[in-house]
Amino acid sequence: MKGIGRFAKNIFNSIADAGENFIDDTLRRGTPLQRMENLCRDIVSHKGVASGMALAREVVNHYRELDTNEKLDFFHWLADDFGPNIEAAEKSAKDFLENPGEQAIKNLRKITKSRRYELFNRMNMAPDGTEAVVELRKDLLQYIKKKPALGVIDTDLKELLKGWFNPGFLELRRIDWETEASILEKIIRYETVHNIANWHDLKMRLVENRRCFAFFHPALEDEPLIFVEVALTRGIAASMDIVFEEREMEPDRFNTAIFYSINNCQQGLAGIPLGNFLIKRVVAEIEQEIPSIRKFSSLSPVTGFSKWLISQTKQKKPDLPELDKMMLMLLNKKDWHTDTRAISKLKKPLMQACAHYLVREKERERPINGVARFHFGNGAELYRINWMGNTTPHGLQDSFGIMVNYRYDPKDIESNHEKYIGEGKLAISKS
Amino acid sequence: MKGIGRFAKNIFNSIADAGENFIDDTLRRGTPLQRMENLCRDIVSHKGVASGMALAREVVNHYRELDTNEKLDFFHWLADDFGPNIEAAEKSAKDFLENPGEQAIKNLRKITKSRRYELFNRMNMAPDGTEAVVELRKDLLQYIKKKPALGVIDTDLKELLKGWFNPGFLELRRIDWETEASILEKIIRYETVHNIANWHDLKMRLVENRRCFAFFHPALEDEPLIFVEVALTRGIAASMDIVFEEREMEPDRFNTAIFYSINNCQQGLAGIPLGNFLIKRVVAEIEQEIPSIRKFSSLSPVTGFSKWLISQTKQKKPDLPELDKMMLMLLNKKDWHTDTRAISKLKKPLMQACAHYLVREKERERPINGVARFHFGNGAELYRINWMGNTTPHGLQDSFGIMVNYRYDPKDIESNHEKYIGEGKLAISKS
Amino acid sequence: MKGIGRFAKNIFNSIADAGENFIDDTLRRGTPLQRMENLCRDIVSHKGVASGMALAREVVNHYRELDTNEKLDFFHWLADDFGPNIEAAEKSAKDFLENPGEQAIKNLRKITKSRRYELFNRMNMAPDGTEAVVELRKDLLQYIKKKPALGVIDTDLKELLKGWFNPGFLELRRIDWETEASILEKIIRYETVHNIANWHDLKMRLVENRRCFAFFHPALEDEPLIFVEVALTRGIAASMDIVFEEREMEPDRFNTAIFYSINNCQQGLAGIPLGNFLIKRVVAEIEQEIPSIRKFSSLSPVTGFSKWLISQTKQKKPDLPELDKMMLMLLNKKDWHTDTRAISKLKKPLMQACAHYLVREKERERPINGVARFHFGNGAELYRINWMGNTTPHGLQDSFGIMVNYRYDPKDIESNHEKYIGEGKLAISKS
Amino acid sequence: MKGIGRFAKNIFNSIADAGENFIDDTLRRGTPLQRMENLCRDIVSHKGVASGMALAREVVNHYRELDTNEKLDFFHWLADDFGPNIEAAEKSAKDFLENPGEQAIKNLRKITKSRRYELFNRMNMAPDGTEAVVELRKDLLQYIKKKPALGVIDTDLKELLKGWFNPGFLELRRIDWETEASILEKIIRYETVHNIANWHDLKMRLVENRRCFAFFHPALEDEPLIFVEVALTRGIAASMDIVFEEREMEPDRFNTAIFYSINNCQQGLAGIPLGNFLIKRVVAEIEQEIPSIRKFSSLSPVTGFSKWLISQTKQKKPDLPELDKMMLMLLNKKDWHTDTRAISKLKKPLMQACAHYLVREKERERPINGVARFHFGNGAELYRINWMGNTTPHGLQDSFGIMVNYRYDPKDIESNHEKYIGEGKLAISKS
């Protein structure tokens, strides 16, 4: 498998080598940035596939050799000087307005495409081209945080990558203990929701009543894009203890699949929708494999709840259960979650505040909590808020130990989803 | 492999099934064409991935059930009523002209996309979506012949398919006698340059000193897109006899790879560039496998030469060697190619005429002969014109038995290619 | 797959090459037979694995180069001069009788092994060694027909091959239209019960409601050992027409699997039990894949029935329904099976005679009909005798068109089998 | 792969289930040992393949449920009461002596086979039968240490396993970072020469200029039998430091393959020759992959040297360099190997003693050192004794840090091997 991959890469390289002789030496002069600019201009102007491959490889290699400052300069150049041709677009827009019709609009559409878009598209011809473009976007997103003006580049990249990573082209693979070590190593590295301590910990997540599925893309061989970890349980688990402890149930007692961790692996694919489709594929996969499983639910953290709540308390919002000083003191104490008295005081107000946080706190009509936004957006309903669902230090600190189940009921997914998209309505279970 | 494919299809279907409940019954009323139009409007308006899948499947299934007339009506509707939104585009164009800049041009680019484009893009979410779109284009190309106005639809389709079938996403596979029968059966069916009579004939083309390579696409599992048949020979073969007879040479005597047949398999991918890239991949593949092979050349038909020559003779063009009546009579006789006297009369003028046809006869600065156009465009040079290269009835009728070698010299490919693209210059060997 | 096979063979050869330098040149002198004898003596005396490999390859290659007479001479030499060492065995037998015990019997067992056995065992170290031994046995069985004394060689070979082809080492593979052409080609060649006319005929036997399974051995890559063709039907089919015609039934209507053709592929494995185990594996495989299938039965020819019946009639056996002259005349007429009058006369006596032939005619307490012996021995019961089950010319000539169902009822297989083995009792259905 | 394995196991089980109904209930009565004995008697008497499978599974399962004492009792029973039939053998031996010939010797050979042999052979029909037999032998070898009389059982087992694990049936696989975690986990577990500390340590042994190869058997899917770890180096490495440190050499600088660790994985296969053949296959594999590699050598420990030397010193052997008290004291000091003075005193006598130990100290004409015996037996020569080749605590304690290179020169392997086998002559390099 891998061997073939390597071989294909050699082939690619040998074609690119053949083309390389033709690359003009003038392209290789000047500062690194100048060389890069020359190459970029050249690749979008050339019409040939083959020297295109050599050029694409040059572009990829040059880009990788730029240092941090040179990359920033390069991005500024892309944003400022390598966008769409505004003058040509103006001319084309006028032509269109004078004589509106399919032909004119086709020309206009073509001319409004930026040269950056074409550049990235042609880079795909390089060996590892897809990988290089994803990597470049990862860099770009870092720079955009500080230089929002670079966002125009991302508009092009995102449009391109959405096409390349169209759900119809993704491949679902089951990850288990028979999977290649090189992929498992990446699963360990990319898991950030519930860290994997070591290989033994990983093995425990791949036992008989656990599942793990990942999406791959044919051009990014052996690079997981996103993966989900699943626990098969009896009933909808309210706490991570069940996930991490009950690993030896009889198969005929399972009736529920708990999605307890979903991780995006490629920062360069941020914002490309993959998770929604992954969950739906996995629901279907498990329904087919184990027909006795009827319930599907996440067991999700309430990321940022503590932080939000404390900031709210300072602002004394009227419709929130008040957390008085004493309560805050309690929460500050180490191991408050093992203190019965503290719990009796805190449980009710925290649970109410959490419900409020998840359902009422919105921005542009969507929940401010990212996890909630994701699951509601997928058509899940908020099924239950679980007190002491995750009592690890991280869980306590981040959300006072609370966890949430978002339930995926195959018959309701679509209507929930449509209502959410259409009306911003959140599906909330009676329980 | 296949098993997995089938399974994935089931999964797809089961997700689509889940979504189906949500498809509005109103979508199912009316004439087939009305239903189709409703579905199309719905799929491009819906924002959700999941009911999108159900809708995509509906669209695909409905389309397949339309009869010939309904399809034509549907295409007319797509061309006339489902293109870009001209009014919105006009507004956007004005906005842009008033306030030109990245944001305005982004809006303009978006608004100039036709709804058809979005429709085809979303159809990819259906099980077999890619296949369905390729199939739809095959139908469309038939209708366009009679109704050129439908060409606007193809503009969208071609743009989309060029992205999907980007060379970076294609997979090269060697076809041999170990290949699945289901694929070999397609090779037999799709070979049109030199027909494959039966399975034994096919086997003879896959022996030790023959090669066959095909491109596949991950979303069209087990469907070859294009394939090339190669003969390993000593020296650049001048005639098909060598290809079909010399099958048992010692490996250490090979020094040449002859591409003797290149076939596009998918009519729905006409015009999507695949052949150029295939040849370059195969050159690299063979160089790697058998380093002793140094020469690469096609052995190609001169499709349409006879027809062209006869039409020319009638018009008495000045710069063509004249074919007098006697000659034409000779050519009309059965088995003239075995008659020494006829040959001595005909060989020289036919060869000259052929050279003229391939090199001088142009349309928009490119050779009118499609095969020549393809190879020159790939960077090959016209190496040799071969008298009696193919003496089958078809070869004699189509090109008076003449065949041509277009040579691929790895060190010249790019410069030839660039000169051709840039200056329309044809590379012609001294020999 | 195959590539790996080829590669492994190269490796084998390169190890053998390394060893070859050490092969004594004296081994290469003399007549082909003398050389062969020298090599054989050498390989069983050498203790080393590695020059053993070189020798094994020499032995295999030399054997393959012998002509028909040389092979016969070689086999005579093997039988006469390369068997067990009788003198040593006599000594060892005396030792044992004087001092009977584990050690003495171990020595005796060892000394009674023939050198031939060791020779064949060591030949397995050659590249393709297993194949070569199977091939040698195929030759041997031909010679034995004329020279029964060579049977002693087969005693050794059979013992060895039974160990190598132990059911625990066989691999079951499904054969379908996705199978490599190189294997399908062999299926076509090895099918002798109901000939496969061409590739299209084969494809028709691999459609949705047909199955084909074969056993393979890891050391005989891509060589089927035995295969069975299965038709999924509604009810136990009485005639080949059903098998060859009803190919498009709805899957939910199947309830029966008909084994309509079982073929041994390797003549060199004659007498090594494979068929019994194949049928049981396939029954289990189908039960698992399609739980709705409850009945399993063969549809088998009554090979040799016509010949037997005619010979019987001449001898006027008392307990057989008499076939008078008129009847025999009818049977001699072409197309008698379409003549209603002939049928009315013939059906009853032929059916009775057939039942008698299958059940009563025995040799050493087993049915003389080989097919019956095979199925009874596997634990099947004689379920039904079918009039006009196979009206092809071959069917009519061989068994007057009669076919038989032997039914495999998973719950009865074992008891039938045990009774048959133990008491020679035949299981016969009431129907 | 694994999936298929699991499936096959189900099938096996379902055939065995079908047969199970027929297993006589009387077999299930009595003490565990009685039941076991009954089953064993039954399985060797039954002639049927199918109830044979059910019985085989019973035997395997019952065996696994026996406790330590019951197993010992069972082995005693096998040794005493389930061996060859002495009386029948006596009769047969007499018949043979009266009438010596092929037929009589065949009978004699058959009758001298013990029932144990047949039992183990039939156990292979069980699902996992091969595994069970290997496991049983592992148990047996433990018991034999205390009860040598049980050795008669091993005579049968070894004979059977040598046939099953014939080199012609083994499959060589490369182990790398793309290998399934489940197999890599076993490599970690089975490595005992140079322990693998963790997964990272393992990964470091599978990098670009390292290799690892293992033998597998088709019936023991995913169970490595024996593996070798190889370092590609420049020159024959004298110390483990080179193996563990120089991991990033340019490929074109390699000229040597160092076998630095060979491990048998299956205790139940002790004494079945695998290592010799493995090394030769790997030499051929590497020669093919990297033609620039010309030298092959082990870097081996001198297991037991310290222990031996100390015991010798006490006995004051004349031909050994004397280790005086002072020296012994030095060796007892921690970190003596970093003390220049100690080294200057010790190096020469230790190196001489080591040479003596490896070459002169023999038992039954073979070196007493097992590692030396293995490599000499394979045809390697003693190339060099390396001072401070392994300065880990274990290395210092076991062999005063000395390591040895046994060189495999493809052109000498066979002659060395033959001389060793024939004359017990050891190949020793001049260096």
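The chains carry the letters A, B, C and D, assigned in the order they are written, with residues numbered from 1 in each.
The definition used in the following text is that contacts are C-beta pairs under 8 Å (C-beta built on N, C-alpha and C of every residue); 3 or more make two chains touch, one makes a residue touch a chain.
Note that the structure is predicted; figures quoted are calculated from it, not measured.
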Next item on the list: Please report how many Å separate the Cα centroid of chain A from that of chain C, as a whole number.
Entry: 59
Note to self: So the centre of each chain is just the mean of its C-alpha atoms; given that, what is the distance between chain B and chain C in Å?
What the structure shows: 49
Item checked: Contacts with two or more other chains, residues of chain D listed in rising order -> none
Next item on the list: Chain touch graph shape: choose line, ring, star, complete or other and state it.
Entry: ring
Check: Among all the chains shown, which pairs meet the touch rule set out at the top?
Finding: A-B, A-D, B-C, C-D
Check: Which bits of chain A are touching chain B when the two form their complex?
Finding: 7-8, 10-12, 14-15, 18-19, 21-22, 46-51, 53-54, 83-84, 86, 89-90, 93-94, 96-97, 100-102, 105-106, 108-109, 112-114, 121, 124-125, 129-130, 152, 155, 163-164, 166-169, 171-172, 218-219, 273, 276-277, 280-281, 283-285, 287-288, 378-379, 410-411, 413-415, 417-418, 421
Note to self: Quick check on the complex: what are the chain D residues that touch chain A?
What the structure shows: 1-2, 177-182, 184-185, 198-199, 203
